[in-house]
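Next, two complexes with chain A in common: one pairs it with chain B, the other with chain C.
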Partner chain A sequence: MQPDQPDRRVAVTGVGAVCGLGWGIPPLWAGLRAGQPGIGPFQRFDHSQHRTHLAAEVEAPPATLARVCPGWRRLSIADRFALFAALEAVETAGLATPFDQDDREEAGIGVYFGSSTGGMYESELFFAEFLRDPRRARLSALIPQQVNAPGDAVARHLGVTGPVATYSSACASGALALGAALAAVRSGEVEVAIAGGSDSLCQLTYAGFNSLRSVDEVPCRPFRAERAGMSFGEGAAVLVLEPLERALARGAEPLAVLAGAGASCDAHHMTAPDPSGAGAAAALEAALADAGLAAGTIDFVNVHGTGTPLNDAAEWQALRRVFGERAGGMPLVATKALIGHLLGCSGAIEAVATVLCLRHGELHPVRWDGAADPELPVALVLDDPLPLAGARAAVSTSLAFGGSNAALVFSRWMGPAA
Partner chain B sequence: MSEAAATTARIKRLIVDSLNLEGVRPEMIEDEAPLFGEGLGLDSVDALELVVALEKEFGIRIKSQEIGREVFSSVSTLSQFIEGRT
Partner chain C sequence: MDGPGGLREPVFVTGLGTLGAWGSGCDGLAAALAAGAPLAVEVDRAAGYHLPGGARRACLLPAGALAGWLSPAESRRMSPPSKLAVAASRMGLRCAGIDTADPADAAGEAGTAVVIATAFGPSTNTETLLKQILFENPEAASPSLFMESVANAPAAQIAIALKARGASLTICQREAGPLIALGTGAAEIAAGRAGRVLAGSVDEMTPLLHALLDRFGALARAEAGGEELARPFDRRRNGFLAGEGGTIAVLESAAGLAARGGRALARILAWGSAFDPTATPSGWGGGHRALARGLRRTLERAGVEPAGVDLVVSGAAGSIDGDRLEAEVLRAVWAGVPLPPVAAPKAVTGEYGGGHLAAAVLAAAGHPMGPTPGCEEPDPGLGLSPLDGSPLPPPSVVLATSLAAGGAAAWVVLGRA
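Right after this comes the complex of A and B.
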């Protein structure tokens, strides 16, 4: 870093999350550290006709949340997740809300969100009710169906008057939203970006992935020999991004630096990933280039790691392409084994997990019995948290169903002197 | 119960059921209290839902132009409107 050049890095100054491990960052980090999956039986809807019967379902919201959110009754579950995570993130960042629309600085705030199904679950309830008795079905259940509803709800509640956009590219949505937020902050389009994702369990995706036989009957086992598919999760995650200099000037503590973002497409198949890993590798390389960091500076990877036979094999190939001989020894953090696949939110919540690992100087483990896959000689972090206090930078990958790939590079915040 | 009172009671029941107002019982809604803005704090989406519910319940058609402040200002004005149409 040249001393006479301004520091254009973008800091993460706040994080918020909700998932099967609980409402908030504290239960998320505690659950991740313990390495115990939050994937189990769930009650949201009748799954008796499906092949599988597990999900990482979120428990009922804290009673206080409804009281602070006007219009609560019309919000979908995905909207409610998003609001909780956003409120936690802006509070951590030390930003007072609602933002003042007359304040020029506060007018420069935008929301960049990812979701794959928005309020689909509530629409499913409406349609079932409608088929039973059209007179009883409530039309307002359809209003939050749109995939942009969670991001819009966040903007509305926080008083955001800058750009508000939702990215929907299946499992890459949250990461793409973060990439867009990073670009917006760097370009000066916004002063602060509220970026994240939200998705709730719904029958469409549960039935859809099961019909493709992509779902494991036990909690997913990324990179293991017997892996047989993904596990479902739900929830939301939000990160507050702002220029590092702005954060320091207002006395905010950066949690990490979002150093770079990259994206690509496999252009291969409607559902299967390119087995060569070329597409995923391209996204990783693009993110590293954007960050101005060499692959050698990456100390761990938060993998996409869904646990499907095809994803993990392709992802291993991508890691080999990018990290060469270091690929086999690169610590891999497989968050989906604990919280399931949050679909449109996954890129965002795994970004939060990556920030937490950097911040705490340790990588969260996953634990299960079973053999490693000899075809995938990876260094998964297993059983106990791996201390890595000196970790400089990490990559989080999101490789979407349909071929869209996104990668985010986070670097550890090492204090103003660095 | 007079017919007018019965209509008023039906409207209050409809408001609570069709708008998913938690913690509100029909008997808590005053005849003259404002429905929109203050009072119950209903909004334009609630108005549309209420129209659908009223049409189904009373077997009437309500034109878009009729969904206005006068008719929908309170349970009492709604009741008079319905009585005039049935």
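Right after this comes the complex of A and C.
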């Protein structure tokens, strides 16, 4: 059993991602810096009868992946995303895979994942066939259907024998998984946490959110006057977390520090956020308290920013509650405007984007022609990357269906002397 | 420790709400467990999803079990799992002596968190929604069905009904989920992130889900004119009985309990989890050594030697490989020491819906566990025999175990309050 070290700092030593901007961190950061949405027409399924026709779809994977990953063809799309992101993150962290015996037996490695729908896309194919003719449906298509399948696939491939848990709290899933991973590393439950999320496009969520009229017919426009809803995305993101001391001892270069996590629930409505922003603010304040940081030390926020009229308005109220007069001038990063809403993975990939912004000392922009919303006087980063080399800490927020809120606080790694 | 596993502060189960094939409430479940009689009934096979000769029975919620726990206005907008979750939460709070009509009291001063496990989420709504989308028109999709199709709908509805504004967590880790939820909830209390936690498990068993589980070969089947029984640890076991229900445990700290003058049913001493990477996505593997390490670590955190465990409330449910792995893990941890008595309540309650979780709490609270139905011929290869109905002294330490298909495993150590 590891000693209780609740105050130990937790480093992010590896990141991996796949999304509509490409497979891997390099295309993600290049796309984010360019500020051009990866949202457009997509091919995953026939959407001619759906209300909207856009998504940030992931392109076909590199052919080499099928050779690297045994059983690749049997994995769901969400499993493949998860596995790619995990392998990239672990490689970035400089950890050899599969984990060696010492790591498995002594150090303790855990997987903490978020997903909304797991292998739902494959399940829909099965379901359509099964209801037409149960004799023809291939039962194997259902195997990766479970929401926990992406996280399990990562654990299985990496040889993890520590804790494995999947969180499915809609759009907060990935951030909640990271919060659980942070607690596990701090407490000594695990020495390395592989934490993130994965979700793929599927008809259930596409039609479902359209039925709520919460999908924009053009690429989403968070906090703009004419915003009319979200855009869908898909992909996975994974962060490797470990105690800062351990990372430094093995010569790893921390990318950032995950300083705190907080969660709350609006307890207000299944789909509409509490317009007062009180619930979201509670998550933000809990994360700041967990990090031991005052609101005044936060340099930018990677907002949930779905682009739905109600959500953005509630988030603005939450920012005002937490940051007061600073809220209007606080630089805001709206990652969903470029990669769409990755649902159960959104909190994880926006955490990666936040880490990249801190690491590179600049905030990624978005490009729009539309007018700002006078009711939401936010300082979105627009058009060009915003240099912010002195940024020391940032928050990433996730505000979900069912009122589940989560916030993560990251701080820049400034060296062991800092 | 303030995080998963070890619990720096004492955490107590102060209330328990449960609904399932045993009806509504702890008394019905306690009576069923003491009697050791399976609660399975015939499943509706009219839709034609089932195979001829396949499984026919499951442990289903009887009609009327929800009566009095939900208003009609609430009920009409909820999926079946959400109804179960809200009803079990109210039942649990009432058991704890907390007034559910007063949201401030129900929420507690430090806020109430909700941690719910579900293996399959709201299956009825998902099935109906998919039929609308795939066979009618995507624009026919019902928004009310969609909002209640997400896995976290039950947790959200609990929060809305009871004004629970702490963290809202939904955990999907198949059969290991309920114990992970209980442990996660205990960690929230111990770390001071919540003053009270409603932790538990909820699942419904639809005809489609039942038929698909059977097509995977997961369910018990009647053979050679015999009964369709789960038969955990029996040499004739061939699958589990599917179940449905909802179980919510109310968790509080010692200080919280003392402040309001309540009583506890059990104390959570520690919890832990692990993974067997040799497992297939839908089955159990051969990694008992890794899982045994996880279980040993859990017992160490609880400060309990294997010989100090008085009763194992096993998650074994009658599957050939799952029960084999469970026996291997237990034998590895109790090597050289006699195994404590092993109860296998899923033979009574069915798999899914929280019956096992509720049984573990009831056992720790001193309720007797009866014989294990279907286990008249213990498998000699497993090296253990589940309870046969012989009377046992009330246990001081109870270990609840659950090894999930797919590789996850979880354990909770409960002590007498």
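For the reader, a short list of remarks on this structure follows.
Keep in mind that, in the parts below, the second predicted complex is superposed on the first by the 399 of 418 C-alpha atoms of A that agree within 3 Å, B and C clash if a C-alpha of one lies under 4 Å from a C-alpha of the other, contacts with A are read in each partner's own complex, and residues count from 1 in each chain.
Just so it is clear, a residue touches a chain if its C-beta (ideal position, glycine included) is under 8 Å from a C-beta of that chain, and two chains touch if they have at least 3 such contacts.
Treat the numbers as computed from the prediction; the structure is a model and nothing was measured.
Legend: residue contacts after superposition of the two complexes on their common chain; A:Arg73 is shown touching chain B, with no touch to chain C.
Ranking chain B and chain C by residues of chain A touched puts C first. Touch criterion not met for A:Arg44: it reaches neither chain B nor chain C. Residue contacts after overlaying the shared chain place A:Arg246 against neither chain B nor chain C.
Legend: residue contacts after superposition of the two complexes on their common chain; A:Ile143 is shown touching both chain B and chain C. In the superposition on chain A, A:His360 makes contact with neither chain B nor chain C. Chain A uses residues 139, 143 to touch chain B in one structure and chain C in the other.
Within the complex formed with chain A, the chain B residues making contact are 18-22, 45-46, 48-49, 52, 56.
Contact residues of chain A toward chain C in the complex are 1, 4, 6, 47, 49-51, 104-105, 111, 115-116, 118, 124, 127-128, 130-131, 134, 139, 142-144, 146-149, 152-153, 155-170, 176, 180, 183-184, 186-189, 203-204, 206-212, 263-271, 279, 282, 286, 400-404.
Those residues of chain A that touch chain B in the shared complex are 73-74, 135, 138-140, 143.
Residues 1-6, 8, 48-49, 111, 113-114, 118-119, 121, 126, 129-135, 137-139, 141-143, 146-153, 155-157, 159-160, 162-174, 180, 184, 187, 191, 193, 212, 215-216, 272-277, 279, 281-282, 287, 290-291, 293-294, 297, 300-301, 406-408 of chain C are the ones touching chain A in the complex.
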